[in-house]
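Take a look at the structures below.
One chain, subunit A, links the two complexes that follow: it is found with subunit B in the first and with subunit C in the second.
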Partner chain A sequence: MVKEIERVGIPVVHICTVVPISLTVGANRIVPAIAIPHPLGNPSLTMEEEKVIRRTLLGKAIKALSTEVDGQTVFED
Partner chain B sequence: MKLELGYIYINDIKFSDLSKVENGTLYVNKEEIEAMILEDENVKSVKVEIAKPGESIRITPVKDVIEPRVKVEGPGGIFPGIISKVETVGMGKTNVLKGSAVVTTGKIVGFQEGIIDMAGVGAEYTPFSKLNNLVLACEPVDGIEAHEHEKSVRMAGLKTSTYLGKLAKDIKPDEVETFETLSIVDSIKKYPELPKVAYVQMLQSQGLLHDTYVYGVDAKRTLSTLINPTELMDGAIISGNCVSACDKNTTYHHLNNPVVHDLFEKHGKEINFVGIIITNENVYLADKERSSNWTAKLAEQIGLDGVIISQEGFGNPDTDLIMNCKKIEEKGIKTVIITDEYAGRDGASQSLADADEKADAVVTGGNANELIELKPMDKIIGDIMPVNTIAGGFDGSLKEDGSIVVELQAITGATNELGFNKLTAKEY
Partner chain C sequence: MGKIKVVQYINQFYAGIGGEEKADYKPEVREEIIGPGMAFKAAFKDEAEIIATIICGDSYFNENLDSAKEKILQMVKKYNPDIFIAGPAFNAGRYGVACGTIAEAVQTEMKIPVLTGMYCENPGADMFRKSVYIVETKNSAAGMRAAVKKMAPLAMKLAKGEEIGSPSEEGYLSRGIRKNYFAADRGSKRAVDMLIKKLKGEEFITEFPMPDFDRVEPNPAVKDISKAKVALVTSGGIVPKGNPDRIESSSASKYGKYDILNYTDLTSETHETAHGGYDPTYANQDADRVLPVDIMREFEKEGKIGELHRYFYSTTGNGTSVANSKAYAAEFSKELKNDGVDAVILTST
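Right, the complex of A and B next:
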C-alpha cells in the first residue's frame, strides 16, 4: 500500500514496528512504532501516558512527511 | 549427556476398566481421565474420545498434540517445570508410547487452531492422522479469560499424556535408540576433522496465546541459550500456542524434533552435532535485535562452522529468521534456514515477509495458502463451527454437506517448519 500510494505521487510515512520488513518492502519514510500487537500504544501504561506516546509518534510522522528524503530513511528521533 | 529412548509400539487404542499397555494396545479408563481433568475448576466438562487411523473422523479445533512418555531411569521427569519438578532432564532412560498421542480440542481458545482428519485427502497432510489418538474435548466454565482457558486445556493434555506415559514405565521396549551429546571440548577431540554444527531453534513467543515454555518458563522472557538435544526428548519444551495450525510446533513436534534426529543421524559421520541454541520470536523490535544478537554471539562463542535454523509461525517471525541468518552468516558461519511459504493461492506472491541475500540456502515446508477440499466425515470431535473463522478458513469454508474448503494453513502440521511432514517445494 505504501508503494502504490507513493507511485501516484503522494508521500507516505510508514509507522511500523518491524522496521526491517518496512525496509525490505521498500518504504521511504519509516517511523518505528511500539510493538506489533499495539503499534501506537502500550496497554501497561495509563491512558494519559499512552496519549503522550500517540501524540509523539504522530508528531514524528508529520515531521517525516514534510522532510525531503534521499532514499529509504528511518526517523529514529 | 546420554539418553536411551525405548519405543513401545502402539497399534491400537481401546477404552477399558483398567488403564494399561498390553501387546501393543493402549487400554484407557475413560472415567479416570475425566476425573483427573475435572480437578481443574476452570474445566466445566470434558469428553474423552478415541480416533484411530482410517476412521471417518474430523478433529477440530485442535490445540495441541502430545506423545505419552515416561522417565524410567535418570534424573527428573517428563515436562520438567510444568508437570515434573525443575530437574535437568535428558539423561538415563525414557519410554515412549510410539504410535499414540493425546489431542486436545473443544471450544476454540484462540482463532488460530487446526484440523486433523483421520481419513481422506486431509489425512495425508497431517502426520497425526497416522496415530492412535486419545482426544480430549474440553469445555471451559463460563466467563473464563482466554489465557486461563488456554492454560487449562494445555494442562489437561500434558496431565493426560503423563498419565498414559506412566503405564509404560515397567514395560520392556520393542526397540531402543541411544542419543549422546559430549561436552563441546570432548566432541572436538573425538571428531577433530568434522565441521561443528548446531541447531538454532526459534520458539514462537509473541504472547497473546502465542507462547512456548522451556522448563516452565515463558520463552518470551528468556534470552537465547544453549540446551542439550536430549532435553527436548524429555519434554523440556512444550507448546502453549494457539497460532496457525500448519506451521506451529505442537508438543509432539518438540518431543520428536526431526532436525535433532537427522543431525544425530549425521553426527560422527558427516558432522559434529554439538548442540542446540534456542531463541524466541517476540513482538518488540528491540527484543528481536537482542535475541538474534545473542544467537549469533553464542554461535561464534562455541566456535561453530555451520547452523541449521528453524522458524515457527510466519509473518513478523520472518524478520527474526532473517536476522538470525544474517547475523550468524556475518560471523563467518554457514546457515541453512527452514521455513514455509505464504505465497498466495497461486504460489506467485513473495513467500516471506522479509528477505536477505545471505539467506541463500532455504528449505521450505510448502505453501500454506494452497486451497484444499476436505470431504465430509461421519463424526466430528470438538466443534465444527470455528472452521469459517480459524486462520486458513474463511466465510463459507464450511459447506452445507459438511465438506470444507480451506487453505493448508488450517491443517495441523501441514507445512511444519521442522520438516515433520511430506510437503516441500523445489526451485529449478
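Right, the complex of A and C next:
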C-alpha cells in the first residue's frame, strides 16, 4: 500500500514495528513503532504517558515527511 | 552414521500454547516433538530424529529481533544438531520473518544446514530466499502435508551433504544462484523453440526470469507540513465499532473508507479493529494506539499540520495478497490525490 500511495505522487511515511518488513516491501520513509498490537501506544503506561509517546512518534513522522530522502530511510530519532 | 539430529523451531500457535493472546511468548526449548514435528517424524522414518523443539511467540520474536535471535541461537547450539528446521510458516508474516531470521543465524553461526518453508508472498520469503533454502508452501496450514512432503526429503539431503537440485526439482524458492550445465540443444535452437511456443500461445519456461524490482522512488518532501493536508491509512484494521463493511479478519477482500470529521479521539465506544492477526485487546480499548486520530487533531489545532484529511482508509494486512493490497491502495491513492492530500501517514501492526 505504501508504494501505491508513493506512486501517485504523495509522500508517505510508514510507522511500523517490524522495520525489516517495511524495508522489504519498499517503504522510503520509515518510523519504527512501539509494538505489533499497539504501534502507537503502550498499555502499561497511563493514557497521558501514552499520548506523550504517540506525540513523539508522530512528531518523527511529520519530520520524516518534511525531510528529503535519497532512497529508503529509517528515522530512528 | 547414527540418526540425523534435528532441532525444529515453531511458534506459539503450532506449539498449542495459544493464538494472538500468547504471541508475546518468550523463547522456550522442549526436548520433545511438537505439532508439525509429528508429521516430520513420520516422514523421516528412522533416518532422523527431532531431539528438541524451540518455541517462541511471533510478536515476541519480531519485537525483540536481536535478543530473541541470540537466545534461540544459544538453545540450538546446546543440542548441536545436524540440521535446523524452522516452520513451515505458510503465509504468517511474523512467523515467516522469525523462521528466516533464526535459520539464517543458525546457518551463519553454526555452519550447519538449515531449512524453512513458507508461502511465496510471506515477507520472510523475499527477505531470506537468497540466504537460506525456503521450501515454497501453500498459504495456509492446510498445506502442511504437502509442505512436509517436500521439506523432509530436502532436509535429509541437506543434512547428508548431498547435491541439491534446482528450485523446481526440489521445491524451494529460487535463490538467484546460477549453475552451469550442458544442455542438449544449443542456445539459438532453445530460443527459437521458445519463440515458436510463444507465438502458438503455448506454455514455455524461460531460462532467465527477469527480476521484479518493484521499487518506487521517494517523493520530494512536503515543503511546509504546517499547511499540508495529511491523511491516515492503516493495515491494522481499524474500523467504526461493529465493522459496518464487514472487513474480514484476514485475507481481506476489501478496504474501508471512514469519515472522522467529527472525531477528536477514537474510543472503545466508537472504533475497534477487525484485524485477526494480532491481539486486538489494545486496539479495541483505544484505537488511537493504531490510528492516532487524537494526536493528529492536536497537531491540527497547534498548527503543526494544516489539516487532517476527513477520511481514513483501512484494511487488514494479514494474509491479504500482495495483488489485492496493491489494487486497494492504487484505488484509494487516486482518491487521496484528487482530494488534495499532501502527505500520508500509514500505520501497520
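One rule holds for everything that comes next: the second predicted complex is superposed on the first by the 77 of 77 C-alpha atoms of A that agree within 3 Å, B and C clash if a C-alpha of one lies under 4 Å from a C-alpha of the other, contacts with A are read in each partner's own complex, and residues count from 1 in each chain.
Operating definition for what follows: a contact is a pair of C-beta atoms (placed from the backbone, for glycine too) under 8 Å apart; a residue touches a chain by one contact, two chains touch by 3 or more.
Here the structure is a predicted model, which is why all the values come from computation and not from measurement.
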Checklist outcome for this item: Counting residues of subunit A touched by each of subunit B and subunit C, the higher count belongs to C
Checklist entry - Touching A:V18, do we find subunit B (first), subunit C (second), both, or neither? => result both
Checklist entry - Does the superposition put A:P32 against subunit B (first), subunit C (second), both, or neither? => result first
Checklist entry - First (subunit B), second (subunit C), both or neither: which does A:I10 touch? => result second
Checklist outcome for this item: subunit A positions within both the subunit B interface and the subunit C interface are 17-18, 20-21, 24-25, 35-37
Checklist outcome for this item: Seen from subunit B, its contact residues with subunit A in the complex are 206-208, 283-285, 288, 316, 318-319, 322-323, 353-355
Checklist entry - Taking the complex as given, what residues does subunit A use to touch subunit B? => result 17-21, 24-25, 32, 34-37
Checklist outcome for this item: subunit C partner, complex, touching residues on subunit A are 1-18, 20-22, 24-29, 33, 35-41, 43, 47, 50-51, 54-55, 57-59, 61-62, 65-73
Checklist outcome for this item: Per the touch rule above, subunit C residues touching subunit A in the complex are 20, 23, 59, 62-63, 65, 93-94, 97, 123, 126-127, 214-222, 225, 228, 230, 233, 235-236, 278-283, 285-286, 288-290, 292, 294-296, 298-299, 304-305, 315, 325-326, 328-330, 333-334, 336-337, 341-349
